[in-house]
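Inspection log for the structure reproduced underneath, given as C-alpha cells.
Just so it is clear, A, B, C, D, E and F label the chains in written order, and each chain counts residues from 1 on its own.
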Amino acid sequence: MLGNLINQGRIKSPWVVHFDCGSCNGCDIEVLACLTPLYDIERFGILNIGNPKHADVLLVTGTVNQRNKHVLKNIYDQMPTPKAVIAIGACGCSGGVFREAYNVVGGVDKVIPVDVYVPGCPARPEAIIDGVVAALEKVKKLLGMTA
Amino acid sequence: MARTILPFGPQHPVLPEPLHLKLTIEDETVVEALPTLGYVHRGLEKLCEVRDFNQMIQIVERVCGICSCLHALCYCEGVEQIMGVEVPRRAKYLRTIWGELHRVHSHLLWLGLFADAFGFESLFMQFWRVRERIMDIMEATCGNRVVVSVNVIGGVRRDLTPEQCKWIEEQVAIAEKEIRQLSSTILNDYTVKKRCCGKGVLTKDQAYQLGAVGPMLRGSGWAQDARQTGYAAFGELGFEPIVEYDGDSYARSAVRFRETLQSLDIVRLAIARLPEGEIASKVKGKPQGETVTRVEQPRGELMYYLKADGSKHMDRVRIRTPTFANIPPLLAMLPGCELADVPVIVLSIDPCISCTER
Amino acid sequence: MTKILLAVLALVAAPILGALITGVDRRITAWLQSRYGPPILQPLYDVLKLLGKQPMLVNTWQALCAYVYLVGAALSVVLLFTGSDLLLIFFVLTIGAVFLVMGALASPSPYSQIGGQRELLQMLAYEPLLILVFASIAMLTGSFKVSAVFELSRPMLYDLPLMFIVLGYALTIKLRKSPFDISASAHAHQELVRGVYTEYSGPYLAMIEIAHWYEVILVLGICALFWSTSFVGMIVLVALTYLAEIIVDNVTARLTWRVMLKSAVGMGLVLTVVNMLWLYAQ
Amino acid sequence: MLETIPLSLDQVAAVAKECFDDGWRQVTMSAVDCGEAGFEIFYHYDKDLVMRHYRLSIPKETVVPSISPVYFCALLIENEIRDQFGICFSDIVLDFGGALYLEAEVRAMPFCKVSVAEKQS
Amino acid sequence: MLDTLVFVTVLLPFLVAAVLLVLREQNLRKVILVATAGVLILSSLAMLRGGAFIMSPAPLWGSLVTLGDFLILGVVLLVGLKRKNQIIVWLTVAQIVGLIWFDFFMIKDHGSTPAFFADDLSLVMVLVVSIVGSLIAVYGIGYMKEHEEHLHLTTSKQPQFFFFIVLFLGAMNGLVLANNMLWMYFFWECTTLCSFMLIGHDDTEIARKNAERALWMNVLGGTAFLFGVMLLYKVTGSLSLQDILARGPEFAVAGGAILVPMFLLVFAGMTKAAQAPFQSWLTGAMVAPTPVSALLHSSTMVKAGVYIIVRLAPIYAGTYFSNFVALFGGFVFLATACLAAGQSNGKKILAYSTISNLALIIACAGINTPAAITAAILLILFHAISKALMFLCVGAIEQKIGSRDIEDMRGLFARMPRTALVAVIGILTMMLPPFGMLMAKWMAIESAHGQFLLMIMLALGSGVTVLFWCRWAGLMLATPFAKAAPEAQDGTIRGPLYLLAGLAVVLSFFSPLVYNGLVAPVVAMYYKTAPYVLRFGNFESSTGVFLVYPLFILLGLGFFFALRQTRKITAAQAVGPYMCGEQTSVDGKPGFLGPLGQNVTAVSGNYYLEQFFGEAMLSKWINVIALAVLVIMLFGGAL
Amino acid sequence: MFNMTKNVVANLFSKSSTRLYPIAVRGHFEGFRGTLHINIDECIFCRTCMIKCPSQCIAVDNKAGTWTCEAMSCVYCGVCVDVCPTGCLSMSKEHRPVATEKQTMAYQGVPKKKKKEAAE
C-alpha cells in the first residue's frame, strides 16, 4: 500500500537537477525555458531543484570534456537512487559538432549511464518535456506499474 | 573573524553555467575570489583545421548558443573581408534584423536570470514569457529557435516575405508593450533597487583599464559600442549607444533594459527600410590573408582574428568573446561584496562561459 | 478526553492540511506567474517519493536532528490545538528549529553551514517578533493561554491590528517566502543552493517537509487566533493572509539578512510600541 | 589587409605601458603558430573604436614578458596562450601554469602545429 | 545536629582549607578533597531535610568574625598598596574607617542578633554551593594536575589553589546562611579575597592585571555593602536579616528611606554579579584555571550577588526602585547576550551568557511578583548546574585540543565524543524546553508581560541566546561519518561531568517536586501567595501553563525513537557533502577540488556579526547606558 | 515598492499562458529545421552532404549504396538539404522524437548505375 503510494509519488514528482557539462548554452536556455510560463514543466511535478542530493533526474546538456567529466560523475554519485539521466542535445548525446575537438571526451554516456537521449541542436523545450516523460515511462516499466 | 570557504560552481543552481569560484567569506563578506575555468573548454578554434571555412560557420555559431547569430555574422564578415566579397544590401539588413532580435532575446533572458539571481522568480517568469515571442519570430523566420544558422559567407540563407515582415512588426509591438509593463519593476522597485544599487561598482576608469566591454563599459559611463563602427546595416541606420553612469549592477541592468527597447526599434526601422534585392552573393575561391573584425554582441564587443592561407581550412580562428574581457573586471568586483550579492554581481557581467572558454 | 482527541486530530490532520495548503500555494504562485501549476496534491507526491528514496547522509546527527525537528514541530501543533500556553508553544517550536539548524551545522558542508548560520539569523529576527505578538495577546487577554483568546468578545484584530502585521512579518520569514527566503527556499534558485536543507536528502528531507507543514499549520493557527469569534472569520482571515503572503512572495526580490534583521527588529518594535500605546489609550 | 606594427621582444612591456598611459584599451592578444618561423603574437589595442595591432614575432621557446602588471586583464589571455601554445610569460599576475583550461589528459600545447603532426603520424 | 550541620557546611571548609594549604601529598589531598565534597553534599542534603532554622553560635565567634573582617581588609589594603592601586587603597581605607565606626560606636546590642538563619532560599543556595561547588573542586584535582604539567611548574601551587577553592565554598555557605548582616559582610569580603587570589593564581601578567581589576570592582561593591548595612541599621535599628525581611514591607510603605540602603546593597550585589558596567572583571577572570571560572560563574561569587538581590526583593517590592532593577536586569540581559553572540572564545561566551542569565535573575527580582521570584530561584538553581557543566566541558576540551575557541571545537565529536556529547547536553539544557532553565525563562517572560519595555528586551535577548548556543552545539557535531573512539579522561574529570549532566536533566524532570519542596514555601512566606498551581505536575497560573511531564515524556519518546532509527544507519549510507560537484575527500576530511587543481579542505566559520555584536563597539555603549540606568535608579528610585 | 503587484494580479485573473504541451500541441512553424528525412530512391550517393556536413555525421558509401546518419550527432543546420543536388534530403517541421538508445539512420539504396559506371 505504502509502496504503491511511493511509486505514485515517484512518477508524479521527478525533481531535476541540471548540469551544464560544457554546452554552448543553447540547450541550457531551452532547459530553463521549460520552467517558464509557456512550457511550465512544474505541471508534471518537476522542480528544478539544483541540488543532486534532492534530485531524481539529472539533465545533462553539452559535451563532456576533460575537466568536467569527474564533476559529472560526482554529481551522479551524489544522487540517491532511484535516479535517471537525460542527455540533452546533440552534444550531450554524442558530442555533436565538437566530437573531434581536442578537449572533448564525447557524449554523456561515456561517463555515466544515460536513460534518455533528447536530440536537437539545441533540443526544443517540447523535446525536453518529451524526454522527461520518456524517462518516467521507463521508470514505470521498471517499477512494474501499468501505464 | 571566522572564515568559510565556499566552492561556487561548477554545478550551482544560480549559475547555470559551469564556472567555479573559490570564495572565502567572513560573515558573508567575500574576502577572496579565485576562479577555475575550463569546464566548457572544447577547443573549437582548433576545429578549423578539420572543418573547411564554410563549415566553421556552424562551429562558431555553437561557441555560444545565445548569441550564435552574431558569432556567425562576425566570422562571415571577416571571411568576406579577406575574400573581398560584397554583401548585398538586403542581406545586410536581414543580418541586422536577426542580430538585433538575438540581442533582444539575449537581454530578456539575462533580465530574467538576473531577476532570478536576486530571488525575484515571478519577474524571471515574466521576462521569459515575453522572450518566447522573440523565439517564435526566430523559429518562424530562421527555422530554429536558438541557433538560427542564417548567415553564410556572402549573405544570408533565408529571406523575409512581406507577410512575415508585417507579422514580425506586430509581434515586436506586442513584445515592446509587455516589456514596458515590466520597466517599473526592474527599474524602480524598492527591493530590486535594494539588491542592485551600489553592488559591484566599477568606476569609469576601472571599467576602461580592466578592459570591460559592452553593457559593462556603457554602464560605467563610456559611450562605446561596436555598432558605431557601422557593420552590417548600422552604417545606414545610424546608431547611438545607451549609457548609464553609476557603474553598478543596477546601471548595467538599466543599460540592458533600455537596449532591449532600442533593439526592437532598430528591428522595426530595418524592416521599414528593408531594400529589395538579392540575399546572397556568389562566393568563389578560397580565402587568403588575415583580418580582425568586430561586432557588438549582447554581452559586448566580439572580436575575431582570422588568418587564412589559401586552403579550404582557415589557418587560425581566434575568438575574443565579450565575457572573456569581462572576467577580469568581475574578479576585481567580487572581493568585498556580500555573499548574497555574488550571484547578482556575477550575473551583472552577463557571463557566457561557453563563449569565454570556447 | 476532548483534549486527547484534539491532540490526535492535530497530529493527523495538520500535516495533511499543511500539504494541501502548500499545494494550493504552489498552484496560486503558478497562476500569479502566468503558469498552469502543479496538481494540488503535488506536495504529497513529493514527500511520498522522498520517503522511497535511498537514505543518504553526511553523518548520523543529521538523521537524529531531522527526527527531532519533526517531533518538535508536531508537538507544538498539538499544544496549539489543545489550547495550551502560547509561550510554551513557541519554546517547543524552538526545539524543532534548533535541531534543524544543528543538523545543518553538523554537516561539514559550507552550504549547509552558511544555511544554518542564516537560519539562526532568521530565528533571531522572527523569535522576538513572535514573543512580542504573544505578549501583546497576553496584554489583551491577561493570559498566555490559547484558550483565553477564545473567551474574548470581539476579534483581537480590532485591538491588535499592528501586531497582526508584525505576525505577518514573522510569518513571511517562517514560511520561507520572499523577500526573506534567505536560508532556504522552495526552488533552489539562490546562492546557497538549498541552504539548511542542502544536506538533508531522501527520507530525511521528507521528514523536514512534513515538519514544515506542521509549522505552516501552526503559524496559520496563530493567525486564526486574531479572529477567534467565528469559525468562518478565522478561515477568511487565514486565507486572506496567506494570499497576501503569496502575493508578497511574488512581488519582491530576496533581501539580504542584514536588511531582514534590521527591518524585522525595527519594524517589529515600532509597530508593537505604537499598538501598545494605542491599547493603553483605549 | 591587417595593418600591423612590428614589435620586438624588449619593447613589449614599454609599448604596453605607453598605450596604457595614452588611454588605449587592450582588446586582446592573438597567438598564431607559424610553423618553423615560430610564433606570432598580436597585441590588439583600441581607442575610441580605432584599433592598433602590434605584431610580435618570436622563435619557439621564447619567454615573453607579461603585460599583466600593466593591463590586469591580460592575465587571462596570457594564461590561455600558455595553455594552447606553450608560450611562457614571465611575471603573470596570476599564473595558472598551463592549467587554465586543460587537464593533464590533454596533450600540452594543443594549438601548435607540431602536435597536430604528431597526431597525424 | 543543626550545630554540626552548620559547622560542617561553613566551618569545615575553612579547616580543610587550612589543612590543604600545608599538605603537599597529592594522593592525600585527593582523598581529603573527595571526602570533603562528599561530606558537604551529604550535610547540605541533611540540612535541607531539617528545613528552616535560626542559630546563634557562641559570642566568641562574633569577635572572631570582626577580627576576620579587619584581617581581610588589611590584606586587601596591602595588596592595594603593593600594586599602587589608588582605588583599592581608598576604598579599603573607607571600609576600615566605616567598619571601626560601625562596630565600635554605632552598634549597641552586640551579640543579640542570631548569626545564622535559613529558609528554603538559603537552603537552595547551600545545595547549589555544596553540590555544584564540591563537584567542581573534585574536577579540579584532575584538571590542576594536567594544568601544572602544561605549565611545567617545579613546585606545585596546588595547596594554595585548593586552599582558596575550599575556603570559597565555606565562605559562600556562610554568606547564604548568614542572618547577621555583619557576618554576611565578613563572608562577602571573604569571597572577594578568594576570587582575587584565584584569578591571579597563574601569576602571569594578564592574570595579575585582571585579578586587580576584579579586586577593585568587588571592593567597590564591598564598600557599598558596608555602608548599605550601616544605613540599614540606621533605618531599621536591626542587623538581623530575618527581622528586616519580616518587617520590610512596613519600611517600604513608610517611606523611601530604606531604599537608599537597598540601593547600596543591590548595587553591591550587581558588582559581585558582574553586571554592566562591571562585567569586565568576570570576563577577565577567564585567565584563571577553568575550575575557578566554573566556581565563580556557577555556584559561588556571582551567585552571592544575585542572592542578595533576590533575598532583599520582598523589601523593595512594589516600589519604583524595583521597576528600575527590573529594567536594568532586562537591559543587561539583552546587552550581554549580544556580546556573547559576538564572541568565538568559548569561555567568553560562557562568561557573557552567565552575566546575561544573572541579569535575568536580577530582572526577575525587580519584577518582584511571586512568579518572578520563583523564576529567579529556579534560574539560580538550574543555571548553576548547567553553567558549571559547560565550564568543566570547556576546560576538559581545552586541555585536550589546546584551545578554548569554539571554532577549534568544530567536529569535536570525532576527537572527544563523550565530552562533546556532554557539552551538547549542557547546551541543550541551557536553551531548550522542557529543561529547567527554559522553564524559569518562561516564568520570567510571563511574569514580565505587564511591563512592556522589559518584555521587549527579554524577547530580543532570548532570541540572541538561542543564536550563540545553537551554533556552538551544532558545530561540535560537524564531523564526517565515522565511529569515534571514546577519549581517555581522568575519573575526577569525567565523574563531575557525568554527574552534572545527569543532574541537569534529572532535576529538570523533577522540577515540579523542586518547586513544591523548595521554591513555593519561600515565595509563599514572603509574598503570601503561591504563584503556580501544580496539576499533574504542570505549572499553571492565571497567565499560562507549562507542561512538564507531558513534554518530557513526549519529547523523550520522540528522542528515543529518533535515536533508535539513527542507530540503524550504516556507513554505507554515508556520502560526502555537496560541493557543487567538486567534492573530494583527503584523509577523511571533506573538501573540494579548487583552482589550479588544488585540493581545498572544507572550512567553515560562524558568523560573529561584528557589525551588530562587536565587543569593542558595544561595550562602550552598554557601559554608558548601564551606568545611566544605575544613576537614575539611585536618584529616581532610591532617593 | 511592490511595483510588480499589478502584473501579478493581472496574471491571477487571466488565463495562464502555458501550452499544455503533450495534450495541446501547437506545432512548429513552417520552415522549422526538424527531423532530417531522405528519399533514398532519389539519392545519387554523390557524397556532397557528407562532405559539407559541419558535424560530419553523415556517411555515404557510394559503392554499397548506403546512406547513414548518426542521428544523435546531427545538429539540424540544414546544410545537407541545401546542398543536395537531387533534393532527396528534406527536413520535416517536427522535432526528432526522443529515444532511450542512440540511433543511427541507415538507409540502403540502389547505387546509381551511371555513377557506378563512371566509377568503374
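The definition used in the following text is that a contact is a pair of C-beta atoms (placed from the backbone, for glycine too) under 8 Å apart; a residue touches a chain by one contact, two chains touch by 3 or more.
Note that the structure is a prediction, hence the values are computed from the model and not measured.
Novice: Among all the other chains, which ones are in touch with both chain C and chain F?
Specialist: A, B
Novice: Return the chains shared as contacts by chain A and chain F, ordered by label.
Specialist: B, C
Novice: Chain pair with the most contact pairs?
Specialist: Highest contact count belongs to chains C-E.
Novice: Per-chain Cα mean versus the mean over all protein Cα atoms: which chain has them closest together?
Specialist: Smallest centre-to-centre distance to the global C-alpha mean: chain C.
Novice: Centre to centre, using CA atoms, which chain is the farthest one from chain E?
Specialist: Farthest from chain E by mean C-alpha position: F.
Novice: Could you please state the distance in Å, as a whole number, between where the Cα atoms of chain A are centred and where those of chain E are centred?
Specialist: Each chain reduced to its C-alpha mean, chain A and chain E end up 59 Å apart.
Novice: Give, as an integer number of Å, the spacing between the C-alpha centres of chain D and chain B.
Specialist: Each chain's C-alpha centroid was found; their separation is 25 Å.
Novice: Distance from the CA centroid of chain B to that of chain C, rounded to the nearest Å?
Specialist: About 42 Å, centre to centre.
Novice: Would you mind pulling out the distance in Å between where the CA atoms of chain B average out and where those of chain E do?
Specialist: 65
Novice: Pull out every residue in chain B that's touching 2 or more other chains.
Specialist: Touching at least two other chains: 4-5, 7-8, 10-13, 28, 38, 41, 43, 46, 58-59, 62, 120, 122-123, 125-126, 129, 147, 189, 191.
Novice: Would you please write down the residue numbers of chain C that are in contact with two or more other chains?
Specialist: Each of 30, 32-37, 54-56, 110-111, 113-114, 187-189, 193, 198-199, 250-252, 258 in chain C touches at least two other chains.
Novice: Mark out which residues of chain F touch at least two other chains, giving numbers and ranges.
Specialist: Expected reply: 2-4, 8, 16-18, 20, 28, 54-56, 75-77.
Novice: Can you work out from the touch definition every pair of chains that touches here?
Specialist: Every touching chain pair, ordered by label, is A-B, A-C, A-D, A-E, A-F, B-C, B-D, B-E, B-F, C-E, C-F, D-E.
Novice: Going by the contact rule at the top, pick out the chain B residues touching chain F in the complex.
Specialist: On the chain B side, the touching residues are 51, 54-59, 62, 120, 122-123, 126, 129, 136, 139-141, 143-144, 147, 149, 157-158, 181-182, 184-185, 188-191.
Novice: Show which residues of chain A lie in contact with chain B when the two form their complex.
Specialist: Contact set of chain A toward chain B: 17-33, 36-38, 48-52, 62-63, 65, 67-68, 71, 75, 96-98, 100-104, 121-122, 124.
Novice: What part of chain A is in contact with chain F in the complex they form?
Specialist: 37-40, 43, 90, 93-97, 99-100, 107, 109, 115-121, 123-124, 126-127, 129-131, 133-134, 138
Novice: Over in the complex, which chain D residues touch chain A? Could you list them?
Specialist: Answer in residue numbers: 101-103, 105-107, 110.
Novice: Within the complex, which stretch of chain A touches chain C?
Specialist: Residue list for chain A touching chain C: 3, 5-10, 12-13, 15, 36-37, 40, 42-45, 47-51, 53-54, 56, 78, 80-82.
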